[in-house]
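Note that subunit A is present in both complexes that follow, paired respectively with subunit B and with subunit C.
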Partner chain A sequence: MAKVKALKCKECGAEYPVEPIHVCEFCFGPLEIVYDYDEIKKNISREKIEKGPKSLWRYIDLLPVENPTVGLSAGFTPLVKAENLGKLLGLNNLYIKDDSVNHPTLSFKDRVVAVALSKAKEFGFDTAACASTGNLANSVAAHAASAGMKCYVFIPANLETNKIIGSLVFNPVVVAVDGNYDDVNRLSSEIANEFGWAFVNINVRPFYSEGSKTLAFEVAEQLGWKIPNVVVAPLASGSLYTKIWKGFNELREVGLVEGDLPRMLGAQAEGCSPIYQAFKEGRDFIKPVKPNTIAKSIAIGNPADGPYAVKVAKESKGDIQIATDEEIIEGIKLLAKTEGIFTETAGGTTIAVLKKYVEMGMIDKDEVVVAYITGNGYKTMEVLEGKLEKPIHIKPSLAEFKSKVIGG
Partner chain B sequence: MNSMKLKLIYPEEKIKEPLLSKVCKNFNIDINIRKANVQEKIGWLELEFIGNDEEIEKAINFLVENGVEVQPIEGQVFIE
Partner chain C sequence: MAKVKALKCKECGAEYPVEPIHVCEFCFGPLEIVYDYDEIKKNISREKIEKGPKSLWRYIDLLPVENPTVGLSAGFTPLVKAENLGKLLGLNNLYIKDDSVNHPTLSFKDRVVAVALSKAKEFGFDTAACASTGNLANSVAAHAASAGMKCYVFIPANLETNKIIGSLVFNPVVVAVDGNYDDVNRLSSEIANEFGWAFVNINVRPFYSEGSKTLAFEVAEQLGWKIPNVVVAPLASGSLYTKIWKGFNELREVGLVEGDLPRMLGAQAEGCSPIYQAFKEGRDFIKPVKPNTIAKSIAIGNPADGPYAVKVAKESKGDIQIATDEEIIEGIKLLAKTEGIFTETAGGTTIAVLKKYVEMGMIDKDEVVVAYITGNGYKTMEVLEGKLEKPIHIKPSLAEFKSKVIGG
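Showing the complex of A and B:
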């Protein structure tokens, strides 16, 4: 028996065969993978996983791929016990899941793209595509290059070219569309329908998003097969946050861990916080917003999984909070100076919101807390311009070094 | 003949306007509503526009010009 049974609509429950489709024909709801957990239970064990590859593929029994061929070294990133930051915040068991060092393009996107393109190859696609100006484009272009797939990246034409150097280097075809982000999105969906390419966040999205579950699997294993009490994660489309929750649920389902599920605390930037607003106002739908924040990597104005993220926040007795641009910068600096980890604005948002929750008294000092750092600060250094201490200028003289640097 | 799955989101000040009716009268497309939630302060509809590409495009432009947010359903793609 196969581990994957079908695709199923998250809204109306209609079932579909395992194909590169992502929208329910009846109610237009998103499709999700249905696993045969009884079958998986027979094959999976802690010992088998521990003997597996040091990558996300050690959890292949819970991923919708039979034969991984792309992104073979993605995942299995460090879980760091954050002693210094923990001390400063008054938390005795704070951990950082550090996807800023994911392979090969230094963000959690390497997980989802590894799964998406491995599946795309199984389906027989020879072309990968995405609409992105950041981490996703980097990852799709890199993985497509190593997999020998053709690659198309769609961006709005008014974007500065230096923003996409990190993708251009992998030699994809970059299509600059004369229009705004909405126009690019609409065109991408039309192209995905017509050309039969693997658009990672369109027609292979149900498979793609499953990659984020490995963020939960790895944390549980790295904690000695335990579920943390609290998770703090950024919210963009809402997919990562809901899949971390699904990951912990699945580990319990197949008997690899026991105990309570975590409280899911979510972080958004104040300048793009449609999920936070829906949660706060008790709405089950998202009012789209126009993003206005330095946290570009999580600035999604109309998040597809927003309603599901709100549901997870409620179900897990969690919460969602926001951070201002200033707080995000402070969050980046705080993580860097306490733990030596340089994250980008999404990570800054997570740390800023973690700090807020501690100040609000919503985390007990002895609880096991995991903050997810999803991207690398070396990619977006411009946000820190003018926000850091300047070098101390001196003449090449010992006396001046003593007086100006050492003091006295 | 083409079909496009779309989500229309109406801001509060546009809810009382019969915009979809105007689309039906002024453009040569069929509209197939699949899901909707219209309340005092916000309204959204998930629907299909069926017709030729040019007419669909014109209908979308009409709605956008009138302040309605028009998102693709097939492919909730995001640009970071």
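Showing the complex of A and C:
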């Protein structure tokens, strides 16, 4: 595999062969893929990418997979010019990267799972697994079904009903753990050590997380091979945020785009904001918190990539802000009524924080801004209960329509 | 508008100018767009289409719109090679056309609404409306929001909760009518006559329904500019089914594909099967029925295009079959566990009927078969209640995992 050289510890720099491992045996730091960009440069071009499949696999030269077999339709989701929301906020070049219609399970997780399970098949695994706040479980269960793999998904027992059914329908073993995501994650790590399964976000994590880079690649291509000035993205484990940054860096590295890198603005829920807290207090380490927010898909109290996210926020001259549960719901409603896009709580957090940044004067009106919408509103419907206008009930009569609806 | 010549009555052939009208004033027959295929032939080519936008608008030369402004990301959804389901059924070339991830509201309705409201804007309407079984209401509400149009959607009061919230979030006026879809439709026709609104499936219907042709165009392109041997599609009003047929015919007419047209196999729910009944009894007219099925999105008891669907079934050497509610749920589960695609009841109906056709020996194992999945499972989750395996609840302990999940 000429394009991938090794795995490398992000902390001490120790190198490892390309295997399903994720932790440095010397310092316990996380492992990251090392590419041979000189080699990649020789093969990659805008033309080649544009002729590629209508999926994230058009960027295979920058992904750690040789033979994509899982998630062949994932990615390459719409970039929507948000004219109405832009006008309302006073932004002339606002775009929504809309993963709420990602194939097949309606969140950005279809990207990382496509990469993780394609790689897992290359490694010879026959069982897929994950620890999840819901979206990942949906995606792993769906992709394992289509890949013909056995599947175990581990979720907090108190997850949204829709997200649980959205996993069960694919017929995996769903293990509902009494506790929050961090409890689920700890248990999953123990299990990963003992069973020979491809836990996409544990032992296959270095490969898995690379899938999120495609969120940067696609945006650059869809902007006409340009880097935006500002990115607004949600922070859960911190992986997505750091990989979007890595993606834009790589595009410059291999010569596909020129120009300045974006300011990375991050969004957390007030009820679970350990990365925001660390950034604000100038810490390079995370103090774990106990999540208490409706934004369950980003409610990770002990985020694995938190310290790296803080670093990216600083390095990119970016920032991290928070939204309350009420602001998150307002964010969902605002995006829906202006742009016709229905997102889940994570997307509501992103929109709420985008609004905050505009109000704080931290985005110039002519800057190119991309807000990442990472999931679909159908998965977190219960948060809207009592928060929307009600239907007007009438009998099937024109007279009743006129009196009750038009008013008279 | 050189490509569109006129509107024409499907019954008596009377011609009309291109205006927001839908019924012949002489014989009350429905109006249909008449194109100048010689003119279109001069402009259209595979190369031009392949360079077009990643949406249904790549086929603008065969759509009755000059200036697309609404639904710019609708369409061009994945065509998935269904290896697992194919193997299980004994089909070597089975494909799923997957509109469960259509942008923005996860059903094929985003196609017809993109066309209808782009046209409505050209006509100068400022208000969008529809009579809907749910998916259409979601789509009209979303597209009206992004188009800056006022919006009224009319639905049966007993609709699935998720579908109602999936409209309300876009902030239209939702009118819940005591009655079934046919009652809603009758009332909407009265309202359409009196208010100057763009009722997408009433006065704008001739334009609206053309959007479904893109389901044929995309499949042909995605198969490498080939026509499939067999199509399996659901029947509600009958419009989608007849327009898929029209789409394949048009591709041949303008010289983009060669070869035989497909056999059109249709799927209805047993609890609402007026088109199936007419086909079976050799009638060219529809006897309206009172719907009683979980497949609410296709529960139209008095289908507007029913007679034309019967005609297409005959003309294409096709057929129409039905599925019971139980079979529909099994169809949803079958597609999910084999292909990782989660569809709603209409899709379950299609898969159930596909299975039936294979069992009846009506599809040869090497034929290229395309099953149209028209909507997303998140919208009809309640039908799965009690029909899926349950999560296994455990405390966050490895010992408990081993004893309760792995078994010991």
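The rule is short, and it goes like this: the second predicted complex is superposed on the first by the 374 of 408 C-alpha atoms of A that agree within 3 Å, B and C clash if a C-alpha of one lies under 4 Å from a C-alpha of the other, contacts with A are read in each partner's own complex, and residues count from 1 in each chain.
Here is the rule we use: a contact is a pair of C-beta atoms (placed from the backbone, for glycine too) under 8 Å apart; a residue touches a chain by one contact, two chains touch by 3 or more.
These numbers come from a predicted model, not from an experiment.
*Asks:* After the superposition on A, what does A:Ile165 contact: first (subunit B), second (subunit C), both or neither?
*Replies:* Only subunit C is touched by A:Ile165; subunit B is not.
*Asks:* Pick one for A:Gly196: touches subunit B only (first), subunit C only (second), both, or neither.
*Replies:* In the superposed model, A:Gly196 contacts neither subunit B nor subunit C.
*Asks:* Thinking of the overlay built on chain A, is A:Val184 touched by subunit B (first), by subunit C (second), by both, or by neither?
*Replies:* So A:Val184 meets both subunit B and subunit C here.
*Asks:* After the superposition on A, what does A:Gly52 contact: first (subunit B), second (subunit C), both or neither?
*Replies:* In the superposition, A:Gly52 contacts neither subunit B nor subunit C.
*Asks:* Between subunit B (first) and subunit C (second), which, if any, makes contact with A:Ile155: first, second, both or neither?
*Replies:* Touch partners of A:Ile155: subunit B and subunit C.
*Asks:* Contacts for A:Phe342 in the overlay, against subunit B (first) and subunit C (second): which applies, first, second, both or neither?
*Replies:* second
*Asks:* Tell me which of subunit B and subunit C touches more residues of subunit A.
*Replies:* C
*Asks:* Quick check on the superposed pair: does A:Glu389 touch subunit B, subunit C, both, or neither? Answer first, second, both or neither.
*Replies:* second
*Asks:* Which subunit A residues lie in the overlap of the subunit B contact set and the subunit C contact set?
*Replies:* Common to the two interfaces on subunit A: residues 155, 184, 186, 190.
*Asks:* Where on subunit B does subunit A make contact in their complex?
*Replies:* Interface residues on subunit B, with respect to subunit A: 4-5, 9, 34-35, 37, 42, 44, 46, 60, 69-80.
*Asks:* Along subunit C, where are the residues that touch subunit A in the complex?
*Replies:* Interface residues on subunit C, with respect to subunit A: 54-55, 72-73, 76-78, 80, 84, 98, 100-106, 141-148, 152, 155, 157, 161-162, 164-166, 168-171, 173-179, 183-184, 186-187, 190-191, 194, 332-333, 336-342, 376-379, 381, 384, 388-398, 401, 405.
*Asks:* If you look only at subunit A, which of its residues touch subunit B in the complex?
*Replies:* Listed in rising order, the residues are 22-23, 26-28, 30, 130-137, 155-156, 181-182, 184-186, 188-190, 192-193, 199, 201-203, 205, 236-237, 285, 287-288, 296-300, 302-304.
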